[in-house]
Structure formats: C-alpha cells, structure tokens
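Chain naming follows the written order as A, B, C and D, and within any one chain the residues start at number 1.
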C-alpha cells in the first residue's frame, strides 16, 4: 500500500485529502492511470507528482510505504 | 555676508564647522578661490559646493544670507 | 522558530531579519508579500493558503541552499503563512544577509521566483461573488522539475 | 517620525515598512545597511557618521520623488543614522512598497545607489590603529550633479 495526498483544487475534486492505494511496485505513470480512472475529472498532466516529498518522474517506481502527492500548479508568495 | 559650512574631512582641515564670509555677489568659483587661499590644504574640486542645500554650479552667484557648504565625496549607506 | 518554515500565525518579519544578521553582514534585504486588495480590477475579500507542509519546508530549505551556493557568504530565512489572510497580511517573508548589498538583493528576488516555481503552496482568492484556486500560469506543470 | 529622515538613535526598521504599507501594496522590500566587522581584511571597531542634516533629508526626499516618478504606484521611506555605530548596527533603512514585487526590488536598489551618490552623509571608519573618512571612489566629485 502507498499513501496518496491531494491538495487545493484536486482535493476539492476528489473530496478526500488522502487515501491508501494498492500501488506498490507500480510507476508514477500507472498512479496517474489509477487516479484518472477513479476521479474522471482529473486529467493526466494537470499536476506534478511528488513521492516522499520530492518531485518524481513518470517512470519512478512506488514502494510499499511511499507517500505520493499530486501537486497542482503552485501559487505561493 | 554668507555662511559657509564644512563637513567631515574638510571640517577637520579647516578646524571650523561653519563661518561667515564676505562673499555676497561673488560666484561659487570665487568662493573656491577664497577657501583655497584661506586653507592651503583644500584643493579646488575636492568637493562639491551646495548653496542653500542644492548642488551649485561654478558660475552660480552667491547672495547675502545664502548658506554655502563644501560637500566632500559622500559615503552614506 | 525555524529558518525555513510554514506557519499558521501572523508573521513578524523582523524575527527573520534577526535570524540572518551576523558581524560580517553589511546588508540585509527583507521582502514581505502582502495580500493585495485589488487584482486585475477584482476586489479580493481575503485569501486562503494551503501547503503540503513537510515538502514545502523542505523546498524552502532547498532554495536557501541554492542561494548559499550561488551567492557565497549569504544567509537566508524564509517563512510562508497558511490559512485565511486578510488584506495587507503578510503571506511570505524572505530575509537575506550578505557582506555586500548586490547579492542580498539578487538572492532575495531569486528566492521569491523559486517559491512560485517549486514550493507546494496554493492560494485561493475569495471575492464577493466567488472564489478560485490560483495556479501560476507561466509554469505549465510537467512531470518533474 | 518622518518619511525621509536623519536620526541619531537606533533605527527600528519595521516602523518604516509600516509607513509604506497600503491596501494596494502586494510587496514591501526593506533594506538595512549594517556596520560590517571586516572590510578588505581590516577590522572595524566602530563607525562614525556625520550628515549635513537639512540637505540630507531634502536629498532623501528627492530620491523618494524620483522613485515614485520612475516606478508609479510605489511608496518609499528612508532613514539614515548618524553618530557612532557599533558592529551590526543599522546605518540606513529603505522601505519600498509596490503593487507588484519587481518594482519594489528595483526601486529599493535604486535608492541605495542614489544615497551613495547625492546625499551629504559621511562615514569615518575607526580601526585599532587609525581612522579615515571614506569617500566614494567611484564618483569623483565634480562641480555639480
């Protein structure tokens, strides 16, 4: 299992701030497929993905216990 | 009569912070001649001259009651 | 108080300036970003900021490390506030000290640009007739940075 | 407290930031120039600043006016301290507010450059084995500016 976080507009779209997902061994690209099937409003590429608080590449692989997060375009400052 | 101010290194050289001078009707250039004769260490052009708190030109003419000041290179900040 | 932090209370900017001051510092630049009442003709009532806090603090510290590499001799502190902010409230403070002023200005401006690129913080604007999460339109999201 | 002033007491920088803050300001830059312990390998004990006070305040206000003309929508406050200053003491503070950050950075840096050009303030450095009035060597004095 991995943990998935949603923030800002994506959190409003999913209705949850975080959830568990059975995606150990899968890639970030497969995480995108999973999330866009589960929440039809989310378009692949509408956010960056962070794994364990670092931006990740589509081919990066998820391990049990990892924390993934969808990072919509940031607007701090 | 006009008032003449000296600052910083020039004040240490003249030994006075200010004095009166009988230079009404004279130009800033003539003020320079006067001061460099009175205080041999002062070289013409080693400072800017302000009249009534504005930088002055050599040809500007001094009037009774004017306040002139020798402004050595500034170093604020 | 940490040198790079997300806070949910009022920011006191002087505390961050004090954190970077050292005997070798000749210049300190302190930038504060405030909630502006009017943006493109629309009146803001208040703002709401959200952050992915642990990652945001990590990215703020990364910006500090980038600065100390790019401008040797500088020291940086950054804080960003989250939650609801009223007009004129401070959202972000950046303090940079440096032996000479040029680096203090440049590094400070670099910090705010980088915050807008890589730090997971989001701003929602609330107006009289609606609200919206603001995304930086200049930087299209990619797979990674 | 005046918006452009020469003071002989400790400078509280936040007071000048507060002076320029307005609902339309999204950015405030606050620059503080501090007494540095080491300059070119020589250890400074303390500094002594002198000013032609009325003219200096007039020139600071002129710089503020130049800024508001060059960066419309900005507001500026500047103070410079005179007398004896110890290491890390603030000699000068410049606060600039602006709707957007770019102008706040640019205008602030412009202000310190102009102070070093036109404001009649002089710095004497006192070291262990001597002292010297510091003149800005980049700007040879001319007849007028």
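The rule is simple: contacts are C-beta pairs under 8 Å (C-beta built on N, C-alpha and C of every residue); 3 or more make two chains touch, one makes a residue touch a chain.
This structure is a prediction, so every number in the text was calculated from the model and none was measured.
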Checklist entry - Which chains does chain A share as contact partners with chain D? => result C
Checklist entry - Which chain maximises the distance between its CA centroid and that of chain D? => result A
Checklist entry - Centre to centre, by mean C-alpha position, how many angstrom separate chain B and chain D? => result 25
Item to check | Euclidean distance of C-alpha centroids - chain B vs chain C, Å | outcome: 49
Checklist entry - Where does chain D touch two or more other chains at once, residue-wise? => result 33, 112
Next on the checklist: Can you pull out the residues of chain B that are in contact with at least two other chains?
Outcome noted: none
Item to check | Footprint of chain A on chain C - complex, ascending | outcome: 33, 49-52, 54-56, 58, 80, 91-92, 112, 115-124, 133-137, 139-145
Checklist entry - Which residues of chain C touch chain D in the complex? => result 13-14, 17, 21-38, 87-88, 99, 101, 104-105, 108-109, 112
Item to check | Sites on chain A touched by chain C in the complex | outcome: 5, 7-9, 12, 28, 45-50, 53-58, 69, 71-77
